[in-house]
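Read through the structures below before going on.
Two complexes are shown next, each including subunit A; its partner changes from subunit B in the first to subunit C in the second.
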Partner chain A sequence: MHVPDGFLGPQTYLPAYGVAGVMWAAGLRRLRARLDAATLPRLAVVTAAAFVLMMITVPLPGGTTVHVAGIGMLAVLFGVWNAFLSLSLVFLLQALLFGDGGVTALPVNALAMGLVGSLAAVGAYGLLRRWSRDAALFAAGWAGTVAAALVMAGVLGLQPLLSRAPDGSPLFFPFGWRTTLPAVVLPHLVVGVADGALALLAGRFLAPQTAPPPPGRGPEAA
Partner chain B sequence: MRAASLLAGFALFAAAVPAAAHGLDHRVTGDHAVVVTLTYDDGAPFSFESCEVTPPAEDTPSQVGRTDRSGRVVFLPDRAGDWRVRVMAEDGHGADLTVPVGADLLPAASGPAGPSRFARLVTGVSVLFGIFGVVALVITRRKP
Partner chain C sequence: MKDRALLLLYLAAIVAATFVHDPARLAAALAAVLLLSGRRAPRVLGRALRAAAPFAAAVSLGWLAASWWQERPAGAALLRLNLRVLLMTCLTFALAARIDLQRALGFSRTLRFALVLAVSQVLTFRRLHADFRLALRCRSPRRVSTATALRHGAATGAWFLRRAEHDAGEIAQALDARGFFLDQR
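Our next item is the complex of A and B:
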């Protein structure tokens, strides 16, 4: 789901850098004010786990590959803002070390997966946790991945409308929504199951150390 | 008789002109091509996906098409410089590459292989823990 360089036009990534910059600054202010030294090691370990898990790709029929992202796991355990900052850091390292995801596309990747994905995960958890905590954890993992995929498909499919050469050919990503929505979202409906299982496992086994947050906030971010 | 011969000659000429206009000659040659091979992380070929090849200092691709079964983009450069090779899958996978081509119209030799994927993975995890360690130090100093 990481968008590489050259796929998004400046009409997309420049405003995205502006929005993401504001969000990163707001997140860092919250981190400085509310995060304690006892939470940091746990956040570091789960962030590192997400970084490693994202590197493990699984081939799907049709030739593409997918991987879990750990969005729901981070969001449920540590809250939206901490998940957003941690995932942004992961995407930066992946871009610099592996070329997975571009530097120009970094804010879009961070906003789609780190922010929207985390919001969807925490929202799903908040909706379902009174009914069943396990179902809520699973739904958080699934929703975080699928919401991120929806945003990413939307941004990619927007490119042919935003940037065209004088002859009408797309300058950047050439496929519209009719192509990107099924191509990006459908595989992630399946990947979301793995991300749901991951969030469920993380929520169950890490819960004694990091209690599930109230909707919209992690325990340490609250 | 003479008129009939002229008429036959004209008919032959008229028939040959459109045939020449639609004719398609071909020749087969061997040449040195630039071959860019693309694979997923697991080694699976990036096959049958959209690709574009753009010459140095130009915006319009000189070649568009799809990667072959083995995930290869093959092109014959006609000038030295940095050629742009862009490959895109419908699901957002792809790459935007620069391929330097020398005066001999061959791709510049690839440099030595970089660190392995595992080494980069370990580096990434180390950098992550380092960053969180620095943040912990700052917080510990601020909140004794």
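Our next item is the complex of A and C:
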């Protein structure tokens, strides 16, 4: 889902850096305030797990493949802020170490997947948790992916409206919303199922870490 | 200091590339990046092509088809888009590879700590993921079916979650034993 460098214009990524920068600073401040023996190692290791889970491809009918993003999993296990920081770190590493994604697309990817996706995931989880925890976990994975895809499709479709050459040809991503919405969102309705399954699996394996453990308790309390 | 300066140079070059729209200038910048890469140029170009090709090819083919259907020229826009994408990806592999991220992002102790832990785990997990993929290919005499690929993906995902849980516990205990969190307080 995440966009490489060269497809988003400065009219998009510069304001996005402004918004994401404020969010990153707030997230880091919150993380530092509750730094303990369990939170940071767990966040870093699950960041690495999210990174590698994005490498696991899911085959689709027709010979194409897609990959899970782990948005719902991270949001439910760690809360919105930590999921946002964790996914931002994943995109930074992907962009700078492996040339996947890009630094101009980083704030948009982080805001779409890390923030909007996490908010949608936690919202879906909160709505369904009382009814069935398993259904809530699955819905969190699905909603996180689909919400992020909607934002990405919106941002990509905005590019031809924002920047055009004097001859009318697009300077960056060339397709408008009529193309991006179905092309990006429809496949992610299926990817969301895989992400829902991942969130369900993770929710059963790993205990939620949204609340800090009481002071003085070591990692064995996690 | 050197790493932070290199990171700033890289970011400035990336931003500058998005303000250049003339294909000739983009091509000249791409040639300059490859020339400056010296003997690493073929490797930089190869890695950049492999990284950028899937998304760029899908967008380019789509735009080509739409332009043909609407009988409008597509050449200049396609050339500009692909040259820019290739230039920015080459810049990443040529410059970013020389940056020590942990030093460059050393302004925040928490961020640097999370980065060191995450990168070390990412490198281990990537190698393990490659091992799993190769193992599946080795034990499959024919092309892997969709059902097998799905089962393999699910089993790999579950394994990584279990491994992540285990590693997080181990690292937390190791840090606690060395007094890391006492230093933070």
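The working rule: the second predicted complex is superposed on the first by the 197 of 222 C-alpha atoms of A that agree within 3 Å, B and C clash if a C-alpha of one lies under 4 Å from a C-alpha of the other, contacts with A are read in each partner's own complex, and residues count from 1 in each chain.
Everything below uses one rule, namely that a residue touches a chain if its C-beta (ideal position, glycine included) is under 8 Å from a C-beta of that chain, and two chains touch if they have at least 3 such contacts.
A quick note: this is a predicted structure, and the numbers were derived from the prediction, not measured.
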Practice problem: In the superposition on subunit A, see if there is space for subunit B and subunit C together, and answer fit or clash. | Solution: clash
Quiz item: Touching A:154 in the superposition: subunit B (first), subunit C (second), both, neither?
Solution: neither
Exercise. Would you check which partner chain A:95 touches, where first means subunit B only, second means subunit C only, and both and neither mean what they say?
Key: second
Practice problem: Look at A:165 in the shared chain and tell me whether it touches subunit B only, subunit C only, both, or neither; answer first, second, both or neither. | Solution: both
Quiz item: Just subunit B (first), just subunit C (second), both, or neither: which does A:184 touch?
Solution: first
Exercise. Considering only touches as defined above, state whether A:202 meets subunit B (first), subunit C (second), both or neither.
Key: second
Quiz item: Touching A:176, do we find subunit B (first), subunit C (second), both, or neither?
Solution: neither
Quiz item: Of subunit B and subunit C, which one touches more of subunit A's residues?
Solution: C
Quiz item: Touching A:9 in the superposition: subunit B (first), subunit C (second), both, neither?
Solution: second
Quiz item: Is A:103 touching the first partner subunit B, the second partner subunit C, both, or neither of them?
Solution: second
Exercise. Once the structures are superposed on A, label A:46 by its partner contacts, choosing first (subunit B), second (subunit C), both or neither.
Key: second
Self-check item: Identified clashing stretch of subunit C versus subunit B [9-17, 27-35 or 135-143]
Solution: 27-35
Quiz item: Taking the contacts subunit A makes with subunit B in one complex and with subunit C in the other, which residues are shared?
Solution: 3-7, 31-32, 35-37, 40-41, 43-44, 47-48, 51-52, 55, 57, 59, 89, 93, 97-99, 102, 165, 167, 173-175, 179
Self-check item: subunit B residues within the subunit A interface of the complex
Solution: 40-42, 44-48, 50, 59-60, 86, 88-96, 117, 120-121, 123-125, 127-129, 131-133, 135-136, 139-140, 142-143
Practice problem: Quick one: which bits of subunit A touch subunit B in the complex? Just the residue numbers, please. | Solution: 1-7, 31-32, 35-37, 40-41, 43-44, 47-48, 51-52, 55, 57, 59, 63-65, 89-90, 93-94, 97-99, 102, 152-153, 156, 165, 167, 173-175, 179-180, 183-184, 187
Quiz item: Can you name the residues of subunit C that touch subunit A in the complex?
Solution: 10-11, 14-15, 17-19, 21, 47-48, 51-52, 55-56, 59, 62-63, 66, 73, 76-77, 80-81, 84-85, 87-89, 92-93, 96, 99, 101, 108, 110-111, 113-115, 117-119, 121-122, 124-126, 128-129, 146, 149-150, 153-154, 156-158, 160-165, 167-169, 171-173, 175-176, 181, 184
Self-check item: Complex contacts: residues of subunit A adjacent to subunit C
Solution: 3-7, 9-10, 13, 28, 31-32, 35-38, 40-49, 51-53, 55-59, 61, 68, 85, 89, 93, 95-100, 102-104, 165, 167, 169-175, 179, 194, 197-198, 201-202, 205-206, 218-220, 222
